[in-house]
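Comments concern the structure below.
Letters A, B, C, D, E, F, G and H name the chains as they come in the text, with residue numbers starting at 1 for each one.
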Amino acid sequence: MKPVVSIIMGSISDKDVMSKAFEILDDFNISYEKKVMSAHRAPEEVANFSKSAINAGVKVIIAGAGGAAHLPGVIASMTVLPVIGVPILGKSTAGVDSLLSIVQMPSGIPVATVAINGSANAALLAIEMLALSDNSLQKKLLEYREKIKKISLESNKEL
Amino acid sequence: MKPVVSIIMGSISDKDVMSKAFEILDDFNISYEKKVMSAHRAPEEVANFSKSAINAGVKVIIAGAGGAAHLPGVIASMTVLPVIGVPILGKSTAGVDSLLSIVQMPSGIPVATVAINGSANAALLAIEMLALSDNSLQKKLLEYREKIKKISLESNKEL
Amino acid sequence: MKPVVSIIMGSISDKDVMSKAFEILDDFNISYEKKVMSAHRAPEEVANFSKSAINAGVKVIIAGAGGAAHLPGVIASMTVLPVIGVPILGKSTAGVDSLLSIVQMPSGIPVATVAINGSANAALLAIEMLALSDNSLQKKLLEYREKIKKISLESNKEL
Amino acid sequence: MKPVVSIIMGSISDKDVMSKAFEILDDFNISYEKKVMSAHRAPEEVANFSKSAINAGVKVIIAGAGGAAHLPGVIASMTVLPVIGVPILGKSTAGVDSLLSIVQMPSGIPVATVAINGSANAALLAIEMLALSDNSLQKKLLEYREKIKKISLESNKEL
Amino acid sequence: MKPVVSIIMGSISDKDVMSKAFEILDDFNISYEKKVMSAHRAPEEVANFSKSAINAGVKVIIAGAGGAAHLPGVIASMTVLPVIGVPILGKSTAGVDSLLSIVQMPSGIPVATVAINGSANAALLAIEMLALSDNSLQKKLLEYREKIKKISLESNKEL
Amino acid sequence: MKPVVSIIMGSISDKDVMSKAFEILDDFNISYEKKVMSAHRAPEEVANFSKSAINAGVKVIIAGAGGAAHLPGVIASMTVLPVIGVPILGKSTAGVDSLLSIVQMPSGIPVATVAINGSANAALLAIEMLALSDNSLQKKLLEYREKIKKISLESNKEL
Amino acid sequence: MKPVVSIIMGSISDKDVMSKAFEILDDFNISYEKKVMSAHRAPEEVANFSKSAINAGVKVIIAGAGGAAHLPGVIASMTVLPVIGVPILGKSTAGVDSLLSIVQMPSGIPVATVAINGSANAALLAIEMLALSDNSLQKKLLEYREKIKKISLESNKEL
Amino acid sequence: MKPVVSIIMGSISDKDVMSKAFEILDDFNISYEKKVMSAHRAPEEVANFSKSAINAGVKVIIAGAGGAAHLPGVIASMTVLPVIGVPILGKSTAGVDSLLSIVQMPSGIPVATVAINGSANAALLAIEMLALSDNSLQKKLLEYREKIKKISLESNKEL
């Protein structure tokens, strides 16, 4: 099945953080592809991917990166698909570097930024976008909300 | 025409910042509504709005707020529509307060965060989402990208 | 005995930090309840709790949360009981995210914020409020101050 | 009438920020006193005030200070009355200095911290504490909440 | 004369800050070109420029940008010429956004970062690089150092 | 021998950090006393100490504290002896809380602040002050500088 | 009269901030010299000054600088006289750059750091050091403390 | 072979971070020297080195330091060779101290700053400078870029 979500990460070391997005998309039965593709080490591959994504049937792009995290913004500059950026926590600046590098985009080229290491929410946000034209998906999102509410409330037993 | 985008702001003092979103949506001929509705001063109104938005035909919600900017997250907790958060610059902490209050959402409830005072990008991001099921809108986005590129390159004459 | 203090936390993972508040309230023989109740995952439960607390006889609410820590502010928006917020340290931003999300409340809806992970002080602050109309409690607070002073001074033996 | 709230500020230059607290207390008909009393320049006066406040009939102390804002913590160390700290914005560090100096109190001695320059909320928080044993005050707080909700919603006309 | 230094800026609004680099290069008689070229609005133009600069005879590239300042890093990813990044101060985060977005580059793709708004030093650093193979330029740099030392010491008269 | 330096710390948990000051003073044969004395838990003891230090023959006071680190400033407000503040690293805010709480003192009451956890330098600074009227101590400081230079240069062997 | 205090600043633009130190030293009748001497533009002059200060009879050095404020540390590396550093507020980073550049000195070479723009306290700290061997100066300091207390308390009339 | 690159570090404890620069230079067959030389503990050695480097045939200087990281700026003040600064992560402030101390240099004396702990990029930047007059080195840099791209893309197998 052709992927409707692309998950791109700047480095293989981002895999653990980004894997929470894989799990969410698996749970929702969303077809997706995942790729390591550095904005700085493989800029042409990133450009080729970004420019062709829309015609390849991709609907939403999730990009995770750390440090001077340019990947989401670079992709966003070459597509009008929604791009979701996941700032990844590194060893210095307590994650503020990747957060600001991703969120402070100039007027004209948006990146939808989620929390530092927030790849699960990146996947959920992508699904919310897909659900705009898919009622069954919207229903699944409501069920998911019910599920996490229930888990949250049931954790009271551990208190 | 029924609004497909709702722009909510925490205070009337956010109007100037948020007005850039109005302009973008006007340019793209997107029907939208705009409301001042404080998460803290009018929590029931915010709850009513958030829970009914999906059935009212709203597709995307943009919420701008400053300080302990809870508005986008509070709305997001009560709808599975995509919620875009606009952190608004205040007098202290150089805007870091509203940015972190909006972007650092817990797993399960995403908010798509844009730059501090980045309401124009919030509107563009909303349009990118709407364009997922509207080819003419996607075409307009591409034209918009061409336009801002042209303006940017033509500013070379002022150099 | 009906609880006079409610301790609410956003996630079961906050239990260890919040347990210092339990100990203080136990020491002072204050009846309290403790609940996991996420502002984002269980917003209606939080609303129901917040609106009914005052009639249930609760006097002070302590709310601990991390990241975009909206819980204290959301509760405060639906009650005129004093709400004490405990910012909880997460993995990124060195705790600044939850601190700013809790303390930077807009004019009209106060949250009494204590230190990052400062749940013991949240409990003591609650007791100081209760002691305003309970002389015996005020006396216990003075004894507590004497006790911690003594412990502090006696630690000189370890120097 | 004997003051039930004391408003202390570290410097006369804090007057403008703190005056929003005066207005709130005036609106609620709460008797209060206001004093400039620097923790660093007049430590004995601060000590005398802090130790005698409880017997003078003061119920809540509001202390505003900027920079290394020790005033609220110093007062709190010498009374078991609730002390509310107002961090005041200075020229450097964007207000982070006074916020951290006030909020990061050690275990045992709480200070209820409000937003940077948040003196109005300091007053409201004080009133919430006083209202714990004064039903008419609690009713006035509910009316105040209604009033600010109404003002907030009516500002929609300016949109 | 073919330019040996290229000065690129993300927006025409960066002109005032970057003009100090023009002055330095003029003073040293270095041929240079200056262009507005946004990494996000004109990514192909930036790519074309970056890939062709080395063959066009450019020796050093200076790139100034604000916010999520990707321009220097994007250029650096497509050339092995030294790229000097100038973080430009914006309205929020006190300049920390552009600084971290430029300096925190991943291993493999360096950007030589100077101070926030430090375009004069960007030009001087470029000249230091060019002077590695141009003794007369090195001599001019030493004279420049003498000149600024003299100006600095002579300012004592104003004390 | 009567102590000429007093080392005060806010909590016994600061002992490890402060012990580097003990070692330096021991090396220089400076008589000193060390005490745990919390500004918040034992304010009267701190006041008594601060006011009597000058007559007890103390020349310099070193005070280390973490979090809302009021101890150095509180002591400084009650003596005209030089007070050296040592900010101590805690679990949150990466040490910025204690640094700002100590260094941002208001005009009139100085605290000589050293690096976060910089107790060795606090001791050396105290010795530099004492050496102003003790040539043999100044000579020892010069020898110490020679010694650390030698150690630093000899570490080249490990490279 | 030979100066016992040297006030050095990195740039003539620091004069306004540093002039508060001049006033304090004038008030206390302390002989002092003032110089613009940049650590970066005039390093040999700084070295010559630093190495000769002790023999010239200087007792305390005050050094003010902004940005990467190396001046106090560079001077401290070449003298065992006490060096007081004054971080000067610049246009970016809200003063955090100069504060950290001055205060975070490595073990072995202390700089006594005061508040951002805190030159008045630098002068007072210098006087406290000089007063260690001058009882009349210590008495003047006590009078100064009385004076600022009085001014502070009298400002209550303006409330 | 005479070194063309000098790698200087402030302390032997910086060796591990700086060793990535050694590896890069070894890979590119660049002759280099490495030295521990503290700006604060061995200022004369640093001055001698800095002033003689240019005549000794050194082309680029890399300087790594933590905390108040003055080393790169101090060297830069005494040579017109390009100086590359490597901020080194310490225990407090999340690396912001050394970053700001290195990058915020005043106009006139540039330091080319790389990422916190970014010594590999410091070496690559040095090589880019050397390659300006060495085509074979420029070719090697292009090969290196190809190599890291390949490694990056091949890591997809681990996904």
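Everything below uses one rule, namely that a residue touches a chain if its C-beta (ideal position, glycine included) is under 8 Å from a C-beta of that chain, and two chains touch if they have at least 3 such contacts.
Just so it is clear, the structure is predicted and the values come from calculations on it, not from any experiment.
Novice: State the superposition rotation angle between the two copies chain C and chain F, fitting on C-alpha atoms only and giving a multiple of 5 degrees from 0 to 180.
Specialist: Between chain C and chain F the superposing rotation measures out at 90 degrees.
Novice: Suppose each chain is reduced to the average of its Cα coordinates; what separation in Å results between chain C and chain G?
Specialist: It comes to 43 Å between the two C-alpha centres.
Novice: When the centre of a chain is set as the mean of its C-alpha atoms, what distance in Å lies between chain D and chain F?
Specialist: Taking the mean C-alpha position of each chain, the two centres sit 33 Å apart.
Novice: Would you mind pulling out the distance in Å between where the CA atoms of chain F average out and where those of chain G do?
Specialist: Computed value for the inter-centroid distance: 19 Å.
Novice: Need the CA-centroid distance for the pair chain A / chain G, whole Å please.
Specialist: 51
Novice: Touching at least two other chains at once: which residues of chain H meet that condition?
Specialist: 11, 38, 41, 67-68, 92-94, 96, 99, 103-106, 108-109, 111, 115-116, 145, 148
Novice: According to the definition of touch, which chains form touching pairs?
Specialist: According to the stated criterion, the contacting chain pairs are A-B, A-C, A-E, A-H, B-C, B-D, B-E, C-D, C-F, D-F, D-G, E-G, E-H, F-G, F-H, G-H.
Novice: Which of the residues in chain D come into contact with chain G in the complex?
Specialist: Listed in rising order, the residues are 11-12, 15, 34-38, 41-42, 45, 67-68, 91-94, 96.
Novice: Under the touch definition given earlier, write down the residues of chain E that touch chain G in their complex.
Specialist: It is residues 89, 94-96, 99, 115-117, 145, 148-149, 152-153, 155-156, 158-159 of chain E that touch chain G.
Novice: Would you tell me which residues of chain D are touching chain F in their complex?
Specialist: Residues in contact with chain F: 10-11, 38-41, 43, 47, 66-68, 70, 73-74, 76-78, 90, 92-93, 96-98, 100-106, 108-109, 111.
Novice: In the complex of these two chains, what residues of chain F are touching chain G?
Specialist: Residue positions touching the partner: 20, 54, 59-60, 80-82, 84, 99, 103-116, 118, 120-122, 124-125, 128-133, 138, 141-142, 144-145, 148.
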